[in-house]
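See the structures that follow.
Heads up, the next two complexes both have chain A, just with different partners, chain B and then chain C.
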Partner chain A sequence: MSGTPARSMALPAAVAVGVLVAWAGLASRLPEVLLPGPISVAHAVVDRWELLGRSALSTAGSAGLGLLIGSAVGLGLGVGFLWSRALELAVYPYALLLQTLPVVAVAPLLVVWLGYGAPVAVASAALVSFFPMLTAAHVGLLGVDPEQVELFRLYGASRLQELRWLRAPSALPAVFAGLRTAAGLSVIGAIVGEFVGSNGEPPSLGYLVLRSARSADTALTFAAVIAAACLAGVVYWAARTAEARLIGPWHPGQGGGRA
Partner chain B sequence: MTFSERFSTMWAPVLFSLAAVGCSGAPAPGPSAGQPIRLALNWLPEPEFGGFYEGVLGGHYERAGFAVEIIPGGPGAPTLELLASGQAEVAISAGDDLLVKRSRGVQALGVWAAFQNTPMGLMVHAESPVLRIEDVPAGAEIAIEVGGPFQTFLWARQGWEGKVKALPAAGSVGPFLADPARIQQAYITSEPCVARGKGAEVRFLGAGEVGWNPYGTLVAVADPAPAWTDDFVAATQAAWEAYMADPARANAEIARKNPELSAEILSCVTEAQRPFLVGEDGLGALRPERFDAMASTLSSLGLLPPGATGAAAMRPRGAAQP
Partner chain C sequence: MSVERTPSVGQPDRAATAPAVRFVGLGLRWAGAAAPLIDGLDLELPAGRVSALVGASGCGKSTLLRLAAGLLAPSAGEVRLEGPPLGPGGRAFVFQSPNLLAWRTVEDNVSLPLQLQGRSEPAAVEAALSAVGLLGARALLPRALSGGMRMRVSLARALVTRPSLLLLDEPFGALDAITRRSLHGVFAAAWAERGATVLMVTHDIEEAVLLADRVVVLGGQPLSVRAVRDIPGDRPRPDSARYAPAAIEAVRALEAAL
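And then the complex of A and B:
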């Protein structure tokens, strides 16, 4: 990380204070049903803590499981593309199409196939996190110094050995960049899935957003949105921490490369 | 430490706990013995389904030999599709939806309807000069489900094309409350009571008055109707009559299932929906002419093939088993 720890805390904190002040100022001019102020949102967070917590946990579970499935499929396919040009040619266009699939449009189908609630959210999170992971794996695994590949081949390394000792380690920075993107997206994906495919059992953040908006409980809507943002932050932080632990010491992308 | 060791020590606990959370949805309480019926609602638990909850809580279904499990729905709940795919024995739908889905190959029959008059309509502020839907002036804006059958119907029948602007409904009464001139699509079972709860005086203009009147909270079963249909319909009728006489028990259950509904909104909705439940024919009745009329309306809007009829989509009470 660049800068001192104090600076890396102070800068975001200053932005947070600025946003809160601007928010409170704007909210005081608008009716509460359009924009609740920070204090009424804080009240909603405190009063509805249990519901928010249960909902956030359920969404976190769906996002995490979706991210896991999407990443596994994305990485697996990335390796498949590396080993088989025919597979790449045959499947890559459809992987691209899958990326543009609007979950909202297929939600009723997902409900019929998988059932209400978490399964739709997991599927939706997997759909959105799959593509960044596939692209990252694809780019990372192919982007190896050709001379190193030649050296491995010269020593008669198997395809698996080449993957394990050369391509996978050198793909890690790209894969983690993909994971950071996919992690944030998986939370959005889960919430969209819950928004269109949930029946409130169990409650989730997407359901809370829908439900509270319909009963004009805007403070709770904002509380749910803030919980979603925190969740995305936690997931991102987890991905970032794993990245720093695994490749931080040797990869310049961790901040050491900044002049 | 090798890469794989590092990976598993760091990630395995996170992933396992996430997986555990994802799979920990509490199981619904199991139904008691009897003919098992999964009843799929087309919206979240609300008073518009009160009689079904009363049917379970008051033992109406159990006494008739049914073990009913109510499956709440949500936005776009594919209840008829759940019925068609064998994941529900009873689907709650609406008259127009049933006809359209039947034309697409879903084998379902309407057998009973709670709402004799559609709970759908438009909502205006009480001080608005718009007293009837016909009064909506040129240049007005209406927040509505754009492209939905009701919007298509209104614009075609009222000659609003190019005159009245359809705004996508945002699923919230917030913009309505903030703008006294605003007109919004609404269900008598929802938005008017939410708006009143926020201190607004509103007027509801029922869609039935301008000729859009599909049955609402329509009970659909597979086509051909299962042998238990008449018994189920009779138990449903008794349950809804009990609910209308005393909604307290079912509403308490609805409030438990859907904690976002305040007691105030619950009692407001329960009263507001009453006149829409009992129409000219009394609670629960279905008339073939109304299905035919709806089918011809849908045909004229291009939502059903020309010349479509609707009577075959319903089954008169007590009809002989096929």
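And then the complex of A and C:
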């Protein structure tokens, strides 16, 4: 980390003020439908607070559950690849293929299978968070110091002991890097799922963005987009905090910085 | 560096339980290699003694140590451990780099070999830590330790199961000269007390003559024994022993064979 704390607060704050001023200046010259100013967006946030809150919670739930499912499958398959070279050879190409599949294109299929509602958002969040977790687990579990593996073998360690006491902890930095990516993606995945598969029950950010944009309630669209950004920020921050707690004390990658 | 220990260690009684290591017609060829790395090597290393394997880097001496550890299987011949069978934790290996688990404290790194066998022996961990002078650092993470301290943790981890066969792969190779000298004393005392059979790989002949009972010079392709020399005198020897005329003469003779 570079600079004094005061400086690291002041610089982003100055940027925020600059952006707000420019935004307000531009908005005063344009119709409200095209670009609502910061004040009307703030009004929309305050007036529709309850709807925004419920929508954000529902989207957060879908993203969180999807992330959980995607991570469980990704990490589980990573362990499977570690223990079975045959499984790795058979399945990994298709996992790669799955990653190149755009979730936007698959989401309508999910609606066909799951019907309208939150499950589509959960499934779409799971789909996008699965791959970064699988890659992280795969790289992390295999990227162990070979001499440490020899040490475990020398003492007759079982595969499970090797996983629990050597490979899993040493994979944690990679897994957390994957989690940061997957956490951000899961919010995007949930919102894409809501674009396609939400009928407004329960209300969700994706649905709110679509509906308010269609009914020219642009201030509410802005409010929903800001809520989505905050959500992604919270998810990222939570992943980062867990990372610092769990591996911060021993992992040299933590708290580095430029000279 | 002061190390507390009992004065005389000629042939400790635990030597009775330590194995002699005998390489018989040993051969090793890497898959796809044109010539074998080792071909028909015969060598005996005595029980309960410290043997140093010396040779130019890349000659295959570390590979020989891995064969003795059972980490590699020979493609011909065999490695015979002559003596009572080794139980779990009967052999220990110290790598050139300390290979500590970064997420475990010093104490938890040292207790790892016991834990892998489902044993919990705080007294053994305590004794191993005390043998290398690290009782005060038990709660630290490896990150907080100097290179020399990490190497001592690595030795304590190797000693904790009271192995009868201790294999060391250039344990001092990556250390600066001052740290290396201070560690010689710690290592020599720690393994002398236990009477294990010790095989140490090094490229430093002076170090070999100071620490070992038998020095074996290896070289060539395939690997062969160039010279074997027994070094008389009790261990551990003080650092000044390296300047004794007999030691200097031994170093000269062995260097000529290198």
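Convention: the second predicted complex is superposed on the first by the 243 of 259 C-alpha atoms of A that agree within 3 Å, B and C clash if a C-alpha of one lies under 4 Å from a C-alpha of the other, contacts with A are read in each partner's own complex, and residues count from 1 in each chain.
One rule holds for everything that comes next: a contact is a pair of C-beta atoms (placed from the backbone, for glycine too) under 8 Å apart; a residue touches a chain by one contact, two chains touch by 3 or more.
Note that this is a predicted model, so its numbers are computed, not measured.
Between chain B (first) and chain C (second), which does A:92 come into contact with in this model arrangement: first, second, both, or neither?
After superposing on A, A:92 lies clear of both chain B and chain C.
Just chain B (first), just chain C (second), both, or neither: which does A:169 touch?
both
Per the overlay, which chain contacts more chain A residues, chain B or chain C?
Greater contact footprint in residues on chain A: B.
Quick check on the superposed pair: does A:23 touch chain B, chain C, both, or neither? Answer first, second, both or neither.
Neither partner.
State whether A:151 touches chain B only (first), chain C only (second), both chains, or neither.
second
Would you sort A:218 into first (chain B), second (chain C), both or neither based on which partner it touches?
Only chain B; A:218 stays clear of chain C.
For chain A, what residues appear in both contact lists, the one with chain B and the one with chain C?
Looking at chain A, the two contact sets intersect at 169.
Using the touch definition up top, name the residues of chain A that touch chain B in the complex.
Going through chain A, the ones touching chain B are 30-31, 33-34, 51, 57-58, 60-62, 64-65, 68, 107-109, 111-112, 115-118, 122, 168-169, 195-202, 207, 210-218, 220, 238, 242, 245-246.
Along chain C, where are the residues that touch chain A in the complex?
69-71, 88-89, 91-93, 95, 97, 99, 101-103, 112-113, 115-117, 141-143, 161
Write out the stretch or stretches of chain A touching chain C in their complex.
Residues 145, 147-148, 150-157, 161, 165-166, 169-170, 172, 247, 249-252.
Which residues, counting only chain B, touch chain A once they are in their complex?
These residues of chain B touch chain A: 3, 6-7, 10-11, 14-15, 18-26, 28, 41, 44-45, 71-78, 81-82, 85, 87, 170-175, 177-178, 190, 194-195, 197-198, 257-262, 265.
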